[in-house]
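See the structures that follow.
Shared between the two complexes below is subunit A, which pairs with subunit B and subunit C, respectively.
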Partner chain A sequence: MTDNKNSKYSKNYKLSISNPKLFDAIKMTIAILIALAITFVILCLISKDPVNAIKTILFGPLSKKRYIGAVIESFISFAFAGLAAGVLFKAGGFNLGAEGIFIITGAVVAWIAASPITTSPILHPVLCYLGAMLVGGILMILPSFLKAKFGTNEMVVSLMSNSIYAAITAYIVRNWISTAQRGSVSSKDYLPTARIGYLYEPLRISACFILLIVVTIVLYLVMNKTKLGYQMRIAGTNPKFAEYSGVSAFRLSITTAVIAGVLCGMGSTTQLLTQTSYYTPAQSLVGIGFSGMLLSMLGKNNPIGIVIAAFFIKYLEQGAAVLYFVDGAVPSEIVSIVEGIVIMLISSQYFLRRLRERQLLKEGLEEHAE
Partner chain B sequence: MSETILKLDNVTKVYPNGTVANRDINMEFEKGEIHSIVGENGAGKSTLMKVIFGIERPSSGSVTYKGEETNFSSSMDAIKAGIGMVHQHFMLIPSFSIVDNIILGDEPTSGIFIDKKEAARRCQELSDKYNFELDVNAKVSTLSVAKRQKVEILKTLYRNAELIILDEPTSVLTPQETDKLFDQLRSFKEQGHTILFISHKLEEVKKISDKISVIRNGVSKGTYLNEDLSMQQLTNLIIGRDLDSDMNAYKTHEDFHNEKALVIKDLYMERNGKPVLDHMSFAVKNGEILGIAGVEGNGQQELVRCITGLEETAYTGDIEICGNRVNELNIKGRRDLGMAYIPEDRMGDGIAGSLPISDNLISTYYDRDDINNKVFMNSKAIKETAENLVKTFAVKTKTIDAAVNSLSGGNIQKVVVAREYNTNSKFMIAEQPTHGIDIGSEEFVHHKLIEMRNAGAGILLVSANLNEVMSLSDRIIVMFDGQIAGYFPNAKDVSESELGMYMLGAKHQTPQEIGGALND
Partner chain C sequence: MQNSIFSTLFSMRFLITAIRLATPIVFAAIGTFIAASSGIGNIAIESIMTFAALAGVLGSYLSGSAWVGVLTGIAIGIVTVMLIAFFSMKMGANAMLIMIALNTFADSVAIFVMFLMTGEKGTTASLTTPILSTLDIPIIKDIPILGEIVSGQYVLTYICWLIVILLFIFIYKTPTGMRMRACGLNADAARTAGINVERLQVLSLILSGIFAALGGVYLSLNYLKIFSRGMVSGQGWMGVAANGIAAGNYWLLILAALIFAVFRAVSISFSSNSAFPTDLVNAIPYFAVFVILTVVSIVNYYRVKRGKVEEH
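After this line comes the complex of A and B, so read on.
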């Protein structure tokens, strides 16, 4: 202990794993390394050239601009789903309804995008966004509202609402905005004005990318610097304490649900207007809402962490796709193994606990000796 | 001379959050003695007991029981070895009979069935042998707190415990019940049992112990024969300095024009068809502390929940806070009128454990203007507020960014009290404000309550600790069975045993006498 005793907080910033944030970072890194090691073992079994295969997964996406462009384009809507889940979970909610909101707001986007309501290529996507955000924000309230008014279980209602919203979406698309051109149930083609163009085509950077960055920063500030963020923190950590402190659980759950619904709307609009030219309810947006929950876990409900995690996962997926392209023996699903192991390890309470405890024991005794 | 039953050698325990609860503790316990362990709550008594009882494993050092080093992997091993523990919070199933509770986990069988008859016979035999006066077929839910405690003790005896650990056994008892318990403990001692007695109440420790061991800050401060130790010395050993116990000396007497912080009129509430609050009326004036004494479970909790606005069951009657009727307001509305509240369940209601101390210090006024800018919260002001409070309330921490649950119980309570103090409220509910915390913190909290009182706040003190009620209050109400059983306009003029009679329901005042609680 050679610390400067005059600065009373110096010790707190010491680099040691008793610092929880640093510990989380170390845990994450080690989890990723373990996952990659296991992946490598599997690659050894199925690939003729495992070293090259793992290299391709890790660095393949960087080899061509369009590969990294594909990552940038696809991770945005995914990140929005993660942010939506992060907002809900941060405040201690059990609302798992993002999936349904993604799907039903898709119908709103498809409807507006196929309607000749404006000829402006800027206004048209903006209207799609606004429509999806509005509908998403309203519909996401349902589980929280029913819980407050009728004492229903938020998780059950939200899971059921996923199916209900999916069914309503199928009905809307089939009966109101379908086309006879294709066999499957899908919407009419969007008008060209609704499509979102690129700001920098080689890397497929569009205005959506900027939107994501702005939204992430705003969310970060809201969650860490505002009264609402404070309410979310205390309610998410101890709901009884929040009640005792005078935070209205009802108002908070409605507020966070609206924000999450709006984020889902942003995500579905981004996905549809950048990656599809018509909406297929059984396909276009399925699974994104659920994956968002995994992202919020990986990112520890921190908006910036969530966005990084979204990029990381899409990057690995792209790497696996490149690998499949050069070595057909390795299915691109290999990357699911990495995802699964990482999520399992970082959500484990016990992983690396001994290491941390030993360090704490040492520090605790040192401190005591002072 | 006599044989050593339990020996601790250099026991050290460090918790995963880095807290060193015990450090190199050496202690010896002899067979057939009543040995008290005293110390502040953060001091590590409970941890030491958990180590002995096999709930926690020591990080280093060894525990030797009857000459053999123990290596308990759970409390089951300890029980098998002959160690019994009566926890502060009883571990009984209310809907089961006494016998069922006692044999749970160790049922005598005949064939594949539980031999209830044999079990009942053995339990009754034990109960009679030790003079427990229990009908072992009665349901636990029908028993008083003192009797439930007896069941817990009987349970340890049924499992042939030779060493019995009692963790704060008197915290739920009236003075009369405590005396009875002590008689019983002495008879156990005569039968050759060893008693390990843990308590905060030093008078009781002095009364019952043969030997006293002191722990301070996780370190043993030695074992002493009771007769070699004066009260003064004991206090000194525990907190490392003298303590002043006469709180009245700090009270000033200013006139607050008889303004009332709280008025309760004819409050009535039922639960399961039984009245839990039975037409209560009283008032708390500004600049006074009104103490509510009573054995736990006589409606105090319900009363507090009605006043704070957290109660969900319907009730009748009027509640006024600082001159406003608040029946329809939620807790936020009541807080805005000037109510502050130190909750009984500190960990459950009073803090968000994993959040920083600073977050926990502002929760009940996080929306106040002085710590907010237009859009964002003013982190600089929050930091200043938190650092000031940590300093004024002597919260032992390196930084306000530490998670609040890394603190000891006493320091957590200081955080809670500091926060409520900083609301600058005119009316404060202090519910068991020093329950389970160390003497040093207790004294500190008491001083702060008196300080608020002197500044003109009305304080409703609800406590199961009679000494606390008597030393802090200006007026006292005793609650029994949801009613005001006694009202004492002058706290100084009433004795402990007198209050005890009312707490047990042996005495009850006339409506005229009780009426003074509202009108004085």
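After this line comes the complex of A and C, so read on.
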């Protein structure tokens, strides 16, 4: 942060690697290139036509409107999961409960969406959102509260809460809102009024897209322009400093947990009302909630970065899906290898550090010579 | 119904199930403990177990020997912890984030590799894999009750309990172990005393990786005899939780791991009983960890608080 200010006010401000923002961008680009290079090597080993394979991953989604529409539709709920993780991580919390919240709020949405409480096609989705946000916000508090009050290991507790919430969800869906129509355990079909329609059908853009943009901007402003955002930042970078400057760690962790839970509720509702017509509780626990944490690492806890990262990942996943359709030898999980390498590299502070230091030294010497 | 609960809980089969289920959790627990003793919170246990479980099956399948499989699993465990050490110590990355990322990726990476080897994304059942056997101990096996419990367990279970004893001696009775604990207590003081902190931390991480890998290999080569997606299902985290409860007390750690194993056994014994809702019974072990961890931290909180009040 201070780095940033220095460069902004320094006399000879240049567009060079010494500018931290530009340096971050360069670092990200190089990390992505390295990841793609490694992916290409892997593709060489497993695919008969690796050049075409990497081309399909990178440009396949652009080949049809339907593909890019699928990216747009699926990245929104994914981005919400990332934003939730971003809020928690930014304030230095390690509450990993997003997965459980996504699952259990799914049951709430399925219940509201299947009940004839209103005939308005606007009010019905809104009620679904409100219900999920309320439940999500409340349930997310538990691990953060235990950590803040009693020093419980919030990571373990939140992971256990994921499994517990998933079990409760399975129980609720099976016993309260299930239907005999289908073989698997799933909820009743949502009423037509609850489904969210498209504003622009070919690209599958719905009102959720606008919601995401609004939420992202609000979060960006909260994180960067408000007292709460400042508190989150200092608590995340230096908890001791935050404590001595009078930030209540307890209140902060509860607040961020509520915000994250509400965001998870939004993400879950978006996912269900746009992509499904009934709810099937997840069988395994490795889903959108966990991927959200990766997004927050990719986007460096910056809301706008997270949303871009969400689009990037969903785009690659779509590319991999197209590739799997063309060439069955390459499983779509290859995307997680790209993701993994990029995350490891950009979270490394020393990655490309020498390059930057050399440039700073050179500029310093030049300045001195003048 | 009460009768059936009691007859299930106090049967010989239940006890044997619990002992079998304890092995991976104990491995995970000592893996977390050894890393924590040098001051590193290894939360990647779950992912190491997943990787090692798959590597064990593949190594065993490719070589035709289950023991080579075990070694492959251990090798992958070491590679994973070295990756963590490299990024956190040499590249200045946040170790916590690297480990969370690893845990999140573990399943997809395992599925990716499994698909390349078998063409399936669910299990490695299609591979004919040599597996590890159970071990009958000659004289003990003929003793009525004791023989049934002590003899006839899986090989890695015996190795596990041997390691538990050896590790205790290593950590508390050898100079290296004591230096390691010194790093965990106060790294700066240890450094001042001439201890190479980084080297000991890497050593403890490697040991941690080996133990976690053995836990994973046990699941795929001994207990389930195949690798299937999501098979670790939180057992690595139970180890981490046991470490959190133990707060540096080795035997409390083992006790906590055993208690978690008993709850897993309860869950498995009752999941086939139609009198209970299966969905909720499956969550019993997680609920137990949640409650025990929470209660222990609340007790500790009030103990510290009372201590402070007395000081004033």
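Please note the rule applied: the second predicted complex is superposed on the first by the 341 of 370 C-alpha atoms of A that agree within 3 Å, B and C clash if a C-alpha of one lies under 4 Å from a C-alpha of the other, contacts with A are read in each partner's own complex, and residues count from 1 in each chain.
Going forward, a residue touches a chain if its C-beta (ideal position, glycine included) is under 8 Å from a C-beta of that chain, and two chains touch if they have at least 3 such contacts.
This one's a predicted model, so the numbers in the text were calculated from it and none came from an experiment.
Asker: Output check: A:Lys227 vs subunit B and subunit C. Expected answer is one of first, second, both, neither. What do you get?
Answerer: A:Lys227: touches subunit B, not subunit C.
Asker: Please determine whether it is subunit B or subunit C that touches the greater number of subunit A residues.
Answerer: Comparing subunit B with subunit C, the partner touching more subunit A residues is C.
Asker: Taking the superposition as given, does A:Met293 touch the first partner, subunit B, the second, subunit C, both, or neither?
Answerer: A:Met293: touches subunit C, not subunit B.
Asker: In the overlaid three-chain picture, which partner chain does A:Ser161 touch, first (subunit B) or second (subunit C), both, or neither?
Answerer: Only subunit C is touched by A:Ser161; subunit B is not.
Asker: Taking the superposition as given, does A:Lys149 touch the first partner, subunit B, the second, subunit C, both, or neither?
Answerer: Only subunit C; A:Lys149 stays clear of subunit B.
Asker: Using the touch definition from the top, say if A:Ser348 reaches subunit B (first), subunit C (second), both or neither.
Answerer: second
Asker: Between subunit B (first) and subunit C (second), which, if any, makes contact with A:Ser248: first, second, both or neither?
Answerer: The first partner, subunit B, only.
Asker: So, does A:Asn238 touch the first partner subunit B, the second partner subunit C, both, or neither?
Answerer: first
Asker: By the touch definition above, which subunit A residues appear in both interfaces, subunit B in one complex and subunit C in the other?
Answerer: After superposing on chain A, subunit A residues 353 contact both subunit B and subunit C.
Asker: Would you pull the subunit A residues touching subunit C in the complex into a rising list?
Answerer: By the definition above, subunit A touches subunit C via 46, 94, 96, 146, 149-153, 155-157, 159-161, 163-164, 166-168, 170-171, 174-175, 284-286, 290-291, 293-294, 297, 331, 333-334, 336-337, 339-340, 343-344, 347-351, 353.
Asker: Flag every residue of subunit C that touches subunit A in the complex, lowest number first.
Answerer: It comes out as residues 43, 87, 90-94, 96-98, 100-101, 103-105, 107-109, 111-112, 115-116, 121, 229-230, 234, 237, 240-241, 244, 277, 279-280, 282-283, 286-287, 289-290, 293-294, 297-298, 300-301.
Asker: Would you mind writing out the residues of subunit A in touch with subunit B in their complex?
Answerer: Within the complex, subunit A contacts subunit B at residues 8-9, 11-12, 18, 20, 221, 225-227, 230-231, 233-234, 237-238, 240-248, 353, 356-357, 360-361, 363-365, 367-368.
Asker: Mind listing the subunit B positions that touch subunit A in their complex?
Answerer: Per the stated touch rule, the residues are 12, 14, 16-20, 23, 59, 218, 310, 330-332, 335, 341, 343, 348-355, 359, 363-364, 366-367, 372, 375-377, 379, 398-399, 401-403.
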